[in-house]
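Look at the two complexes coming up: subunit A is in both, with subunit B in one and subunit C in the other.
Coming up: the complex of A and B.
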C-alpha cells in the first residue's frame, strides 16, 4: 500500500529533526563544497535525494505533491538553503540530462549528483553575451572524436569548486546566433581550464570567470546532439526559470512567517501582512505550476513565477533589515540580514534578467508582438 | 524663488572642488566594503568647511550644499552630522567626528570607530557622550560607513540635553539623511549612465532600450526630487519640510538602487564595479530613524499634531 501524503510528511519531519546540521554552510571555497556534498550524501542515504528523479538512475520517482511536502518540511526545519553548491546539479544540470541526455550520460552522472559526489556549475554567459546569450563566441572545433574549446565564460557560480560544467559553445564556426551551438559536459579538471573567482558586493566569491585554452572534451559529452545546443540550453533554462526555485520559494514563505513571529511592532504590521499576501500568492502560483509540470511541458509561465519570486525575495530581505533596525546585531552579523539583502540583488539577474523574463512573458505568454532587440 | 547659487555659495563649492581635486580621491582599487578618508577629513577641518554654519552670513543651506557634494565621493567622511546636526548640541565642536544613534546605546552606529562624541536619542532624552580612546569596538558591515558599538556604555559619563531637544535633533537628522542621499544618488546614477552608454547587447548600447531609458529617467527624477526637497528643508529648517524630505528619500532609495544595480547586470553585483560605494551607503541611510514609515508619521505630526496619530 502506498504511503499517504500525511505519513510521508510526518516521516520527512522526523528525519529532518534528527539530521539537519547544527551549523550553516560556509559561504564560499572548498569548505562550502565539502559541506554541500556531505549534506547531500546524508539526504541520499536517508532516502531523501532525487525525489522526482527516475528510479532507473537511483531516484524515487515520487509525485510533485510529495516533493512539495518535502520542501515545506525542509523549510520548517531550517535545513541548509538549497541555494548552495548543489543547486546547478540538482536543479538544472540533472533535469537537463534526464530530458536530453543519453542513457550513458544519465547512468554516469545522475547517481553522482544525487549521492553528493560532484558539484556542477554553469558555463553559459560570456563577457559580451549576457542577456544576449545567442551571441556567445566560445568555440569548440571538432578534431577526431573530440572538441577543442577556446574562449571565456563568466558569472559561473561554483566554477571554482565544481567538478562538471554545463558548457554552451559554438561548434559550427560558420554559424551565428542560436544556430550551430552545442551543450557539452565539461570536466573542470581538464587541462587548459583556468578559473578566477569574483567577489560579489555581498562579500563571498559567488561567481567566477572561466578561461578555456585548447580544452579537449570528448564528443560523447555533447548533450542533445552536435550543433543542437540551443534546444538543450532552452531545456536547461526552462528548469532554471521554472521548478528550480520551488524549494527557495517555499523557504521564502517560511521566512516571512518567521519575521511575523519575531515581531510585535504594530508599526510594521502592514508591511508584514503585505509580504504574507505576496508570499501566499507566490506559493499558489508556484504549486499550480509545479503540479502542471508533472504532466508535460508547461511553456514559459515559469518565468512569471521566477520573476515574482525574485522581486519578492529582494523585498523580504530589505524589510528584514528595516524590522530589526540598521544597527541591530542580526543585520550587521557576518552573513546576517545585510548579507541577505545585497545577495538578493542577484535574484533578478541570474538565469535571465528580469527584463529578459518580461520579454519572454510578453511574447510567449501574453502573445504580444516581438519588439526589436 | 531663487534657485541659483549666491556668490558666496559658488565660492564655497569652488573651494571644495579644488580641495577634493587636490586630494585626487578615487574609488578604492581593491575590493573593499568601506573606505573612510582621514585625509579629506583633515583638509575639510583645516579649510573650515565643517563649521560653515557657525560662520557669519552662512546657514544650514550652505552646509547642505557641502554635505551633498561630499556624498558624491566614492569614500566616506563624517560631514553631515558635523555640519548639519552637531553645532546645536556640542559645547566644543572640535570634538568630532560625531556619531549619532537612536535607541539602545548598545546598538552599532555610523562613524563611532573614529568619533570623539556620540549624540544618542534614547527615546526620552538626548544624551551627549564623549568617547575616550578604546571605548568602541569596530563592526564590519556591508554598509560602507565605518560602524562601531560602545563596549561598555554604562561606564561612560553622559550629559543629558533633555527630551525637549529631541525634536530639533531628529529634524536635523532628517535633513542630513535627505541631503546626503541626494549626493549619493547623483554619483550612483552617473556610474550607471556611463555603463549603459557603453555596454552593448543585441548589437546596441543597452541604454538605447526604452525599458531602460524610462526607468533611468525615473531614477534621475527621484534623485533630483530628493536633492531639492533636502535643500528646501535645510533652507527652512522646518519640521514638516524635514520630515517630507526624509520620507521621500527613504521611500525612493529602494526603487532607485534596485534599478541601478539591475541595469549593470551581474557586473553591477561585484566588488570590482564601483556602484556599491554609493548604494551601500544609501541602504544604510534608508534604515535610519526608523525608515520612511517613521518619517511619514513625523510629517503627519507636523501637519496635524501628534495627537492625531496615536
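Coming up: the complex of A and C.
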C-alpha cells in the first residue's frame, strides 16, 4: 500500500466530514430501514464499504491500523452508529457467507449487502433457547428440494424491516444439542412467516418474534452443509478483528468525556475517573486484540473485550442518569440518555448473558473445569 | 515496532531479563523476617535493572520505558522491594538534575536507595533500613536525600504490612530533584507496572488453586461463583496489562496524550490489584487467611504501592487533570 497511514486518515476524515448525515437515524420501522440503506449506499459509492471484508469479495481488506484509523475518524465525525440495521448483514451474515457460502450464494448476496440494497436479520434465539442456544427446536424437514420450516424465533433483530434472515434450525429431527442443525438463508417475504415486533423497556422495537408455519425454503439456501449449522454459526468469527465495535467503543469514550465536561461535582468524580480509565483500557485491549489477530488466531480474548464493553456501557449509561437526573432535557430527548440508559440493560443479555460469558471465559481462557450451569 | 503496543522483540528481550527472578526472589522469602532484597542490590545493578530506560552514555541500558514497565511488572509479581523502583527513579532524578556522576553511582549499585512518600506530617519510608539515599515522592515530583539528613526516624511497623515502614520529618536541601512534569509519568508507570504484576500473579495463584482444591467431591473451579470471580480477575489483568503496554508505548513515543494514558494505567492497575488480591484470598478460603499462604503478601504490597502513589483518590484526581483525545476539540493521534 503506497498511501501512508496519515494520508489515509486525512482522506477518511475529509470524506466523513462531507458525507455524514446531518440527522441521526429514526429509531425503528421503515424509516430506520431507508436511513440505514441510504447511508450504506453512500459509503459504498464513496469507496468506504466493506473495509474489513476480503478483497476477493469486493471488500477493501484494510490493514488493522487503517481499520483503527477509520473507526476513530468515524466516531469523531459522529457518523451513524455501526450498531444499526446493517449490523447483521455487515458483521454477521456477510462474514458467514464469506466463510461458508457457495459461489452462487456469495455472488448473489454479498454485493447486495455491501451496496446497501438489503437488510439482514437474525434468527437464532427461541423462547426456550436463550443462553442455551443449542437447545433450539424450530424444525426444518427435508421435502424434495425444499426445507419445510415450523416453529418460532424470538429476539430477532430487525426482523420487521429485514429482507433476509440468518436462520438456525434443527434439520435432523432425531438430533440433539449442537448436532443436526442447519444455517439457512430465509427470505422474509416467503409465505407462512409472521413477524410480531417486540416493544422493549427502552421503547422502540428493533427486535421481533417470528413465527414459521410451513415455510418452504430451497435446500440451495443452506449455508455450510445440511446438519452442519453449528459449525457454520461459529465460522462467522473466522476473520473477526474486533474492529467492527471500535466505533462503538470510541463513542463510549466520547460520552464519558461529555459527562466529565458537564460535571464538577466531586461526589461522582471518582466514578467518572474510573469510567474514564476503564474506557482507556478498553481501547488499549481492543487495539492489542486487533493487532494480534492480524498475525494469528487470538482465541477467546475477544469475548473478554465484549463483556468488558457491555458492562462499561451499562456503567456509563447509569452514571449519565445520576449526573443529569431523570427529568433533564438530554435524558428525555428522542435519542437521549434515557433511551441509552434503558437500552444498556440489553448489553449484558443479548448474544449470551454476562453470566454465561463468564462461564465460557473461565473455561476457555483459564481452563477451569466445566460444571453445571 | 507497533505504534500502539509493546512489540514481540521487546517482550522477548524482557523475557531474557527476568530469567533470574524466580531464583533470586521467590515470593516465599517474604515469610522470613530477616530477609532483605538489598542482599541482591549489586546483582540487580549488574543486570542493569536500575537504568533500563536511561541512555547508555548516562550509564543506563539504553532501552525505553516500554521494556522498563514490562520488567517492573515482573518485579511486582515477585514482590520485589519498592527500593528497586527508588533506584530507577533516583537515577533519573539525578540525571535530570544534571548530576550524572551521582546517577552513575546509583546505576552501578554503589549507593542503595530507598523510597518514601511525602505526607501531611512528614514522610513515610518503605524498606529503608539498608539504604544510603532516600527518594521522596510527592505530588510535586521527587527529591533525593542522604539518609543521614533524615531526622526523627521512627519504626512504624515491620510485621503487619510485611515490609518495614518508618515515619520521619521531611528534610530540606535535596541533593537532586525532579519536577512532577519531568518525572510524574515515570513514577506512575512503574507503580502501575508493579500493581499489574501483582494482579497477574494473584490471578494465576487463584486459578491454580481452584483447579486442585476439592469440595463437595469436585474442583471448586467448576462452581460458577468461583468461575465468575476468576473471570473478573482475568479481565482486570487483561485491562491492566494492555493499558500498561499502551501507555508505555505512548510515553516512549512522547505522544501528546501519554500523561493521560499513564494516569489511566495507574487507576486501572490499582483497582485490578486490590480486587484480585482480595479475591485470591477469598478463593483460597481458610488457607488464604493463614499467614503461611502467600496470598496476604500480595494484598499488603498492593496497599504499600498505592500509598507510594499517593492513594487511589489522588490518582483519580491526577487523571482528572489530564485531557483525553476523545474530549471536545481534541485531535486523534496518528
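Things worth noting here:
Here is the rule we use: the second predicted complex is superposed on the first by the 351 of 373 C-alpha atoms of A that agree within 3 Å, B and C clash if a C-alpha of one lies under 4 Å from a C-alpha of the other, contacts with A are read in each partner's own complex, and residues count from 1 in each chain.
Here, a residue touches a chain if its C-beta (ideal position, glycine included) is under 8 Å from a C-beta of that chain, and two chains touch if they have at least 3 such contacts.
What you see is a predicted model, and the numbers here were worked out from it, not measured in a lab.
Upon superposition of the two complexes on subunit A, no clash is found between subunit B and subunit C, which fit side by side.
In the superposed model, A:373 makes contact with both subunit B and subunit C.
Of the two partner chains, subunit B and subunit C are each touched by A:355.
Using the contact criterion defined above for the overlaid structures, shared-chain residue A:363 touches subunit C, although it does not reach subunit B.
In the superposition on chain A, A:38 contacts neither subunit B nor subunit C.
Shared-chain residue A:334: touches subunit B; no touch with subunit C. Closest CA pair between subunit B and subunit C after superposition: 5 Å apart.
Subunit A uses residues 355, 358, 373 to touch subunit B in one structure and subunit C in the other.
Residues 5-6, 9, 65, 68-69, 72-73, 76, 250, 253-254, 256-257, 260-261, 269-270, 272-274, 276-285, 287-288, 291, 301, 304, 307-308, 355, 357-359, 361-363, 365-371, 373 of subunit A touch subunit C in their complex. Against subunit B, the residues of subunit A that register as touching in their complex are 125, 128, 130-132, 135, 154-155, 198-203, 207, 267-268, 271, 314, 318, 321-322, 325-329, 331-332, 334, 338-339, 341-342, 345-346, 348-350, 353-355, 358, 373. Contacts from subunit C toward subunit A in the complex involve residues 2-5, 207, 210-211, 218-219, 221-224, 226-228, 230-232, 234-235, 238-240, 242-243, 245-247, 260-261, 263-265, 267-268, 271, 313, 316-317, 319-320, 324, 326-328, 332, 334. Remark: subunit B residues 31, 33, 101, 103, 107-109, 139-143, 147, 149, 200-203, 206, 209, 211-212, 254, 258, 261-262, 265-266, 269-272, 276, 280, 283-284, 286-288, 290-291, 293-294 touch subunit A in the complex.
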